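Please read the structure below before turning to the comments.
Chain nomenclature is as follows: A, B and C, assigned in order of appearance, with residue numbering initiated at 1 for each chain independently.
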């Protein structure tokens, strides 16, 4: 009986020590943040942040945030909503309970984030959107990529490459996400200029996924055998899936592929020549700008709620090494 | 005690001063036990006396709280059954746990498969299995699936499995509870040859006749205490019972005056394809109708169909002159039938529920209002009433039934049906695995119920029970009604003849 | 006599172990983070656990019969998206739409229950099939897009409060009380335990085992419908991706609460305390700025710990 009680206590102790262990671990790794209220007195703020999911891109973005926060003497509380909109609301509630000074959110869903705006208003805590737009008419603080421009860049360059005439297919992001909506809008802006000359054979979502894009493009190659001239993908992952399908079919030289994001694999593909080009959105810069904006809002330097975009850059074989030598140098 | 000196030289295993506690129960209190080479040692005692507990300690399933075990004079302590096996101690368990979707051979050699390299050598395994089966006198192909066997055949396979370890000490915990008389005979043959081989056998049973047939010495436990060890030749049945129950065994079977009344249940040509055929009988108020036959002869199956647990494929059932169409348990209950099933743990009780919950379970419909809310006060009252009437021993009504002894569990199954106040009661092996004291109580109760005007079907494999209780006896053989005998004409021989489909001359 | 008291003490400690753990955890957390033990935060936790709590109540009832319901997350999504669609169209009164959503949950549960009970199909497989069917229907209905612009009166279900208590919490409490009454005071509840404890014994006792087995899935579906309403109101949109992997949290709360997945044994209040424990851990780790990666490890360890306690208890 003693043994049984003991083992139960052990389990309890294990769980408790793990809790303590985790918390002290992160606090140490932060290097500071022992007492948030105390650091506020020194002039720094506590910035709460919840992101939709720790993708490679988001990880780079949060690194930019951390660097900037440190520079400004602020604490950063970083949470991951794991693609669950309800969970993100929960996290924002928790950040509010924690009395952070400002909240930065990379929304899981452009619609589902709307209740958070009201919650933050009620609590008197400013809210700054990053990377994902909110689906509202009301003005709000936002730092994000110019996805319309990205869509324009990738479509324009693809069309230029095939000589201003031919058939394209589009691999879209998940329907309804702001990146998908805006990149498609950018695609369309260019297509409008080439009406009659450029034909869109198909456009479907592959949900940002390499595997889904691979299957989709395999099917398209079958359906539109010999007709496709260019594949325009809303991100590099899907572009890479398309490239895999083309390689399997031995069509790499026949069909042009463009992407967005300039992830490491994407840049390597650009260097190889399998990917014509990709649009670079500086994730670190985006994170750092978001933190800067949050700071400026608190300091009263930014009063008007507006969207600010960070620059998008067209990456080709000529300038891809700049990226590979800097942010991807490790 | 008396044979201590002469046993000394051949002493194989000795348990000294063993104590074992379970939550709230002192299962064994400073008991002693000695096993001698080449002898069959019967362990007797009522249920809950601690027999199985001690054997499980010796076989490494439980660990003793106090006391020591010596094997060939050396102190040992087994932590697992495997550990005990490696020291030559094997045990045939009371409750079977075969893997139904594996073959006999696979079950026999589970955990010690014959292998050639990494691959299982089925050929050798089946050959060895066939030999083992032959040894225990079972004529079955080793490749047959376990689930195709009858309960008694499974038990024989279990016995074969225990033999396959070639153990020095073989513990048999009620091996004969589920097997036929013919198989018992072959089991005894095996035991005798093991004995000649110099093995030690521990034989646990409730059956008196078996003990005197096979045992060399008898140890008696009572309420977790060691009472004594006796030479089988020095003690008679009556003395033994007194040692076990600590009271004189007077009249076991109650005397009744039987006055036949109107027919309440009539079954005509009831059939279930491949299971039983053309079963017809009548049951009257105030009568006890005995159902005899071997295990698997169709007695239980007929009752299951009658009660609607399975569906009959032909024939008619009349209850109180009304035809019972498409029987379902719920319907049968509402017609006033109660069914005390054979397998307490299998379909009689919900072990994880309390005494109270189990007792009122089939009556909840009557004990709740139209909204389905239970009238708890009334339910508790009737449950309490029947607990007292049946003399159920439990600390309180919220006790889990799994913590009670077999006899008390069986009484709860009875209570659960009596609470419904049925006119027709089916008892399927109501005394299996319970001790003499509880048995007598159940006999008295059944007799009283008949006296009160209930109609009773009494199924039993134990011949004295059938003869002692029944007004009429129906005998089954392989899914058919083989004969019907009135109380006056029923004898053990006649029943046996019908039940095994052999001439009197062919009987053992 | 001494034996009896000893046993009583131990049972008591074991039974309420979970509550001690929750209280202990609360004390530890309030030392670590000054924000934990504030009124608003505790109300937050209660609001945050409401969805999982309601799902876990349904799950517990299913598990008591020895079943499991993997489709709860998807049923939440489907009921939610239909509710959002109807709310956007503004053709029916909100109360009716809420009832429709709950009924849809019950209907999908009926599908589960029918095949489990009357076809004797394995609950794991049947509800797995429902899991993907309901998710697929959600995408079909929504064409993969969120449905927003829901009326503000509806959104009050998500963020409103009555006398300081959040509406979702009030709904959870009502569901809990109703389910508790059902399990303890109605014969249906006894039948659920009996079917899970020993199906054969239940059948022999005249219980309509198939109907009980079917009903528990309907109840779980209804719980999903209720949770869907709260979730939709909370995020102010019908999301095709809503409720993904919620079945795991519901099962976790159930198991932590001491309900046996093999059926017949368990208690509803344990499930609620289990849900609270998970909620507190999530909330506490958020407050302590612990990465979600660690949060998952902690959750896994808690589930393991609960199972260990339970298996010790049954030894």
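One rule holds for everything that comes next: contacts are C-beta pairs under 8 Å (C-beta built on N, C-alpha and C of every residue); 3 or more make two chains touch, one makes a residue touch a chain.
These numbers were taken from a predicted model, which means no experiment stands behind them.
Enquirer: Closest chain to the protein CA centroid?
Expert: Per-chain C-alpha centroids ranked by distance to the global centroid put C first.
Enquirer: Taking each chain's centre as the mean of its Cα atoms, which chain lies farthest from subunit A?
Expert: Here the answer is chain B, farthest from subunit A.
Enquirer: If you tally contacting C-beta pairs, which pair wins, A-C or B-C?
Expert: Most C-beta pairs in contact, of the two: A-C.
Enquirer: What whole-Å value do you get for the distance between subunit A and subunit B if each is reduced to the mean of its CA atoms?
Expert: Here the centre of subunit B sits 69 Å away from the centre of subunit A.
Enquirer: List the centre-to-centre spacing of subunit A and subunit C in whole Å, with centres computed as mean CA coordinates.
Expert: 32
Enquirer: For subunit B and subunit C, let me know how many angstrom lie between their CA-based centres, rounded off.
Expert: Here the centre of subunit C sits 43 Å away from the centre of subunit B.
Enquirer: Give the residues of subunit C touching no fewer than two other chains, as numbers and ranges.
Expert: Answer for subunit C, listing residues that touch two or more other chains: 10.
Enquirer: Of all residues in subunit A, which are in touch with two or more distinct other chains?
Expert: none
Enquirer: Quick one: in the complex, what on subunit B touches subunit C?
Expert: Going through subunit B, the ones touching subunit C are 21, 23-26, 307, 309, 328-330, 332-334, 339, 341, 345-353, 357, 360-362, 364-365, 367-368, 371-374, 376, 395, 416.
Enquirer: Enumerate the contact residues on subunit C facing subunit A in the complex.
Expert: 6, 10, 13-14, 17, 21, 24-25, 28-29, 32-35, 38, 40-41, 44, 47-48, 51, 143-148, 155, 158-159, 231, 234-237, 239, 241-245, 281-294, 297-298, 301-302, 305, 308-309, 312, 315
Enquirer: Going by the contact rule set out above, which residues of subunit A touch subunit C in the complex?
Expert: 1, 4-5, 7-8, 11-12, 14-16, 18-20, 22-23, 25-27, 30, 33, 37, 54, 77-86, 89-91, 93-99, 109-112, 114-115, 118-119, 135, 174-176, 205
Enquirer: For subunit C, which residues count as touching subunit B in their complex?
Expert: Residues in contact with subunit B: 3-4, 7, 10, 185-188, 190-191, 193-194, 197-198, 200-208, 264-265.
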